[in-house]
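Just so it is clear, A, B, C, D, E, F, G and H label the chains in written order, and each chain counts residues from 1 on its own.
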Amino acid sequence: MAKDSVLDVFEQFREEIDDGNDRRERLIKASRDVTNISKKSIFLLHRLVLEDSSDDQALAARAASSGRQKLSEANTIFKNMREELIGDRFWRYQRQVSPGVQEYIEALSFAHYVEHHSLISYQQVQNALSDSDGLFFPLAVSDYLLGLSDLTGELMRFAISNISRRGGRLKASEVCAFVRECKSDFERFTPHIRDLSKKQYVTANSLEKIEAAAYAIAVRGSEYDLPPEKWDDLVAQVTTR
Amino acid sequence: MDPRDLESLNSLLEQDVGVSENIKEQVKEFDKRIRTIVGILGKIHSTPSHSMPELLDSVDPVLHSCSEITLAIADVIPPDQFWRWKDMWSNSMRSAVYAAALIQYLRNGTLLSLPRASEILGINGEWKDRFSLPVEDYLHGLISMVNELSRYVINAVTLGQFEEPVRISNFVKEIFSGFTMLNLKNDSLRRRFDSLKYDLKKIEEVVYDVSLRKLVPANPPVQ
Amino acid sequence: MDPRDLESLNSLLEQDVGVSENIKEQVKEFDKRIRTIVGILGKIHSTPSHSMPELLDSVDPVLHSCSEITLAIADVIPPDQFWRWKDMWSNSMRSAVYAAALIQYLRNGTLLSLPRASEILGINGEWKDRFSLPVEDYLHGLISMVNELSRYVINAVTLGQFEEPVRISNFVKEIFSGFTMLNLKNDSLRRRFDSLKYDLKKIEEVVYDVSLRKLVPANPPVQ
Amino acid sequence: MDPRDLESLNSLLEQDVGVSENIKEQVKEFDKRIRTIVGILGKIHSTPSHSMPELLDSVDPVLHSCSEITLAIADVIPPDQFWRWKDMWSNSMRSAVYAAALIQYLRNGTLLSLPRASEILGINGEWKDRFSLPVEDYLHGLISMVNELSRYVINAVTLGQFEEPVRISNFVKEIFSGFTMLNLKNDSLRRRFDSLKYDLKKIEEVVYDVSLRKLVPANPPVQ
Amino acid sequence: MAKDSVLDVFEQFREEIDDGNDRRERLIKASRDVTNISKKSIFLLHRLVLEDSSDDQALAARAASSGRQKLSEANTIFKNMREELIGDRFWRYQRQVSPGVQEYIEALSFAHYVEHHSLISYQQVQNALSDSDGLFFPLAVSDYLLGLSDLTGELMRFAISNISRRGGRLKASEVCAFVRECKSDFERFTPHIRDLSKKQYVTANSLEKIEAAAYAIAVRGSEYDLPPEKWDDLVAQVTTR
Amino acid sequence: MDPRDLESLNSLLEQDVGVSENIKEQVKEFDKRIRTIVGILGKIHSTPSHSMPELLDSVDPVLHSCSEITLAIADVIPPDQFWRWKDMWSNSMRSAVYAAALIQYLRNGTLLSLPRASEILGINGEWKDRFSLPVEDYLHGLISMVNELSRYVINAVTLGQFEEPVRISNFVKEIFSGFTMLNLKNDSLRRRFDSLKYDLKKIEEVVYDVSLRKLVPANPPVQ
Amino acid sequence: MDPRDLESLNSLLEQDVGVSENIKEQVKEFDKRIRTIVGILGKIHSTPSHSMPELLDSVDPVLHSCSEITLAIADVIPPDQFWRWKDMWSNSMRSAVYAAALIQYLRNGTLLSLPRASEILGINGEWKDRFSLPVEDYLHGLISMVNELSRYVINAVTLGQFEEPVRISNFVKEIFSGFTMLNLKNDSLRRRFDSLKYDLKKIEEVVYDVSLRKLVPANPPVQ
Amino acid sequence: MDPRDLESLNSLLEQDVGVSENIKEQVKEFDKRIRTIVGILGKIHSTPSHSMPELLDSVDPVLHSCSEITLAIADVIPPDQFWRWKDMWSNSMRSAVYAAALIQYLRNGTLLSLPRASEILGINGEWKDRFSLPVEDYLHGLISMVNELSRYVINAVTLGQFEEPVRISNFVKEIFSGFTMLNLKNDSLRRRFDSLKYDLKKIEEVVYDVSLRKLVPANPPVQ
């Protein structure tokens, strides 16, 4: 290469490198936005499920739908990211995108659990991450699992705040069983996914908190010779103003 | 560097040192008063209802004297620099809010509002650029109060005051539902809000104990 | 460098790489089985007593299959090099001991001994220079079992099995006082021994809860 | 370097090494005795009141033998260098204070004072420049005692000794309010002081449990 | 407060907290943008000062002006931040803004050094951070000094790459003296500014690199009995093609 | 989790493991060939010009055989997943570029272009979604070449090849001015670009030595 | 707690706080002076021999003023507590020794002894129980001086003072072999001793550079 | 816990403590001798060729006395446990190899082989299960020798021994290309291998310096 051609070639390199850096920067920003929306959606869900209601199932459906509504703002962002993540670009920028995607999955799976008492499937998350033109970008299995792993922390909060509401004790033991199963299901994935074993510790911790709460109820309840359904009524007589 | 520039930068930094040392001095005194207040309030756990008013009254003078501190701090803070220095006294301020909120609840059964908390601590609304009571600190104070109430409930029942759990349970539920309105970051406030859930649960358990043992009449007087 | 010397150095290094890769392969499989075992044992927390034997039986085949691994590892380790490589599988080995000890306790209420642990894991006493179960790993496994039992106690009570806490409390106390007698150097084992104390306290609290509420016949633990 | 200077530097360094090794030796022995003491005291949790005196008496000889250690350490410490070396045995010393304080409380229901603690451990007031019992270590020992008492309360109730919680609750409250008065700097002592609050809360819960169930005569704690 | 009023009040709190968080987020993004522009400006300067030129001073002036030109993009961003940082807000969000400001100062002071061979003053940075309506926001002394501290690293690169150009040896010893003085001037500020002592280590490191380079020249030069001005000519005869 | 979902996730992950192990195998072989190449190229420092062509020719077969590796890797990488796996072989790839660039310079005195590097390494332009040579890796390779040339310059002069420094100085200056065109992040490439500056400086010093000692004619033939 | 005991505990703790704050104040001032000294000494690297005496003389007043600090600290330290507080000013003290040693070497080419260092810093031999200069701090100061000299050698040559390297090389070799004789325990001093070896190597390279180029009269170092 | 089991566990643990303390004692002595050896070898840098034999001879007795240490260690190591304890003396052993290799090179210009190193250090081939010289430690020792030679080259030239660089350069090149052939895993040895490359480069620069100045007869190094 002659000197000028060296400069020309490096100028091309510069453009390529700058393009990559600028795109990385845009994606980091988009990912932060998605994270914020998802966090708000999680708080909204926590708030809504505690509203007074006579029909628990209806309340849950309403809450989940509002949560998803809020999350749809993230979908708009994802849609805009499609171009940036086309072809081999997704894996090139996966590390930048992944925090937002994981938080989104945490929120989405929380809404799903509130409504259906079950784990959202990989396919269902993919459906959420697509429009009529198909997927916005590939869904990494690691993002799916790490997002779900974070869900267990929110479920712990959900169980604890529900516990002193009517029917909350039942809900807590449901969540307890659910989180226990999650933990055990995720165990086999830990060798494949970096950071998952660290998150399994967090899950174990949340699980123990829920178990402790369930224990406290059981112990206190066992002392009284009353069917649990009656407790709430008895207490209600005292506490309603 | 030009010697004059060097000098002028240095004098700017020395000014900051001056502000910081002034505040440190005040905070030391603030902490001392807070320690006294917290010490006295520690006695609520063994104080029967009828002696409570007297105990609470004994805190008032010290608590009100905290307005001397806030005034002194506000005086040394340069305009618009409130947020620059506030970490130095946040902890003390939160404890002050805690004390004020606890007293108000134990006296009237009501929740201390942020403006009222500011007022008690002598924070002048006109100082806005130099001193105010941020929402976060107010909320931290409330959570500390709930933490303490969850302990108080236990001791009240031990002292035979069986109606306290139900009253406090209702009060704390109210605060709890307030907190659920907030979108918190993963920060200390969120962690402490989680602790509030446990307090609420614990208070509820006491309510169960006294209800199921029928230690409390079925329909307490509306507050 | 003399080419022959070089040759011999390199062949020594290559051998080590070979051993290491062989072991890595086995450890990967070991881990997989351990994870399966741990996964199944996770269910003890929601299993009522009467279904426990069945659950424990379902672990047996996987646990016994671990002896294939120990055999395979022992086969590739050059004479006298056990201590060189053992860190590669210590964690898995400790988990295996944990599982075996937990199963034995839940089945018979007895403590798994070191020789019996070796036997279950298929460790041949004649391999001494290539493979054995070091005391440290055995003890780590026991501590993990106690950690798990302290959680199990909680969940057993939740399932209404009120007699478990007292039984487990006695078992753990015995282990605890055994450990107290041991001359542990100041290392990871010592640190984990502290966790044992914490577990014991937790179990005692459960015993307290069920005794207080007369959910078990009054029967002060034997001294 | 001037050879004479070098000589003198080296002899200074060698002296330090000597002191350090001497102390290490003593601390090893100290630790051993402390381990024995702590081991015996661990039995208080399953010892009914009437056998307690005998148990406590059995600790005395070992505890008193610790004065041999303090004497030996004091002997090797050069004048004025107490603070240079004390970190080497602080932990053991704190455990010794813990044991002495626990024994005194369980025997007489009273709090061990600092001078009395020094005396029990054979610390001669005249050694001031070479050996003493610093306030911090004394206070650490007291906190450890409270930590243990919070566990003891639980087990006492399990053993049917329902009057213990109220007695201990009063004792710990007194210590707690004593600590509140102290101007603790923001260090490990301050952190452990928080654990004291937690212990107190736990003891109060036990008092609540036994009061609620009328296992003790109604008798509101003295203020 | 009654229950409804509690909710009303907390709803206000929520708005306040959300406002704060959203503003923080916007400022973080703006700060990242400023950082990127500043970094590009620094590279531009490094590139331009190495161009062939017969008039060193003119080249330097041209380079500095291009660098500042690039930096003016950051000024547009700063202008937009003005509203967000008004009144007591500046110190509230200073931590979010400061990385961008420091990188900007690094770039600006580099342009200044290239042109004037001197340190840009606090007042001059303030001037750059203002328009006809005054300062965009207050300039923290710490940002000024930390930005300048980073400058020494760029100056090290500048000195090393210049060293083998005509006149570069002289330039290197100029930079050496300049960085040495910076280090010594900054020393007295270290107790006041967190992180400055860490950066002083980096400066010391850069300084040693420049000194080593100056040493190598001096040692090699001393062997030949030639005035240094002649070296370049002698070498030029050999290397020009 | 639904067992079928569990299974399908697991099979996805196992697929990845398959890809990864396949690549690891190839990279091991890649590294081995690179080691051989680098070993041979190490001899340039003691090889006089006239024997250089022969030495370089002896590298060719090994270097070309690397295209077997790139083909094998490209074969196992799923579409569009190039960037997911590339860190596994980046280092080897950079060394391969280094070798190819060094050979081309020593043969023809010209700079290896990125497309030509791809070609030599057998990278097919049509694989774009599965395998390519990223700019960063190419640039790392060039910097390694300059690092080596700065060493070669020294040894060439020792061997009496006084014209090399000037030639190499011009070549490296060209590369250097290319690099100044780039906006680099604070990453390893920037750090290595800094090292390039030192290499250039060092080469220049050698040019001074030979020029001032008049070991090289004033006007070397234009290349 | 007995109120009188409490009183005495608190007064002990308050005393410590007082001592600590007093020292902090002094250390702040100490640091300021040290920073001034270090700032001035930074100029040795650009100061030609003939201006050196003047530069060094300008440090003297500040350095001597440090004796005010040591006096002030010694005054507030309670008898026997030197080792309790000394970590608060060790760093400043080491820098002071560094400065004094560097000045003495640059003036006379001799090594500052420990007693002379104490004297310069105004440390009174009679304070032994309250203030002294520990060997470790003295040695740290010497190592810092060597670190600085290894940099000075470079800059001296740049300034054309070709005789410096050999002189300094001999001086540093002497210090180095002195350190080799010392029985350093495996701590920070040992680690810094390794840096000495690195400095020595650096200085030897400079000596090599000037000898090779015959910039100094050939004169092999004395063995 | 079964008392007999406990007994046997404890005796196993006690044995280990015994072994460990025995070794610690020996290693302390080993280190002392190594320090002496390294101290003497430090003088090679200022020793002219003709006095070198005498200097090297003075190391021999100390070096040979190290075989007492290896014997003593081998004696206390239980069969098969070599790899368990070897980290305790690896550093000393590497230094011993370094010393032996350096001496052999300076005496004969040849490379010390691994078997010969074992022999010098008194390691008996029959101890295989209790004591041997692992390849890694041998190689670490060689690298340290090269590190030292790169410093020695500089000082030799300063002393006017211009023929040393070329000789040493050839020797180091040979070692370097030997290492290139070895399959080093990515560990500390690999990292230190990089330092070797750096040393070689430095030695080549010295060769360049002396060749350029015609201080040695032109004589291109043999390939």
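To be clear about the criterion, contacts are C-beta pairs under 8 Å (C-beta built on N, C-alpha and C of every residue); 3 or more make two chains touch, one makes a residue touch a chain.
Keep in mind that this is a model prediction, so the values were computed, not measured.
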item	value
Contact-graph distance - origin chain B, target chain C	2
Chains in simultaneous contact with chain A and chain E	B, F
Lowest number of touching-chain links that must be crossed from chain C to chain H	1
Cα superposition of chain B on its sequence copy chain D - rotation in ° rounded to nearest 5	90
Inter-centroid spacing, chain F versus chain D (mean Cα positions, whole Å)	66
Inter-centroid spacing, chain E versus chain D (mean Cα positions, whole Å)	57
Centroid spacing, where centroids are CA-atom means, of chain B and chain G in whole angstrom	50
Approximate Å spacing (C-alpha centroids) for the pair chain D, chain G	41
Chain D residues counted as touching two or more neighbouring chains	177, 181
For chain A, residues that touch 2 or more chains besides their own	18, 21, 40, 188
Contacting chain pairs - touch in the sense defined above	A-B, A-C, A-E, A-F, B-D, B-E, C-D, C-H, D-G, E-F, E-G, F-H, G-H
Complex contacts: residues of chain E adjacent to chain A	18, 21-22, 25, 28-29, 32-33, 36, 40
Chain E residues touching chain F - in the complex, by the definition given at the top	39-40, 43, 46-47, 50, 157, 160-161, 163-164, 213, 216, 220, 224, 226, 231, 234-235, 237-239, 241
Interface residues, chain A side, partner chain C - complex	173, 177, 180, 183-184, 187-188, 190-191, 208, 211-212, 214-215, 218-219, 222-223
Contacting residues of chain B [partner chain E, same complex]	1-2, 5-6, 8-10, 12-13, 16-17, 80-84, 110-111, 113-114, 128-129, 135-136, 139, 174-175, 177-179, 181-185
Of chain G, residues touching chain E in the complex	28, 31-32, 35-36, 38-39, 42-43, 45-46, 151, 154-155, 157-158, 160, 162, 206, 209-210, 213, 215
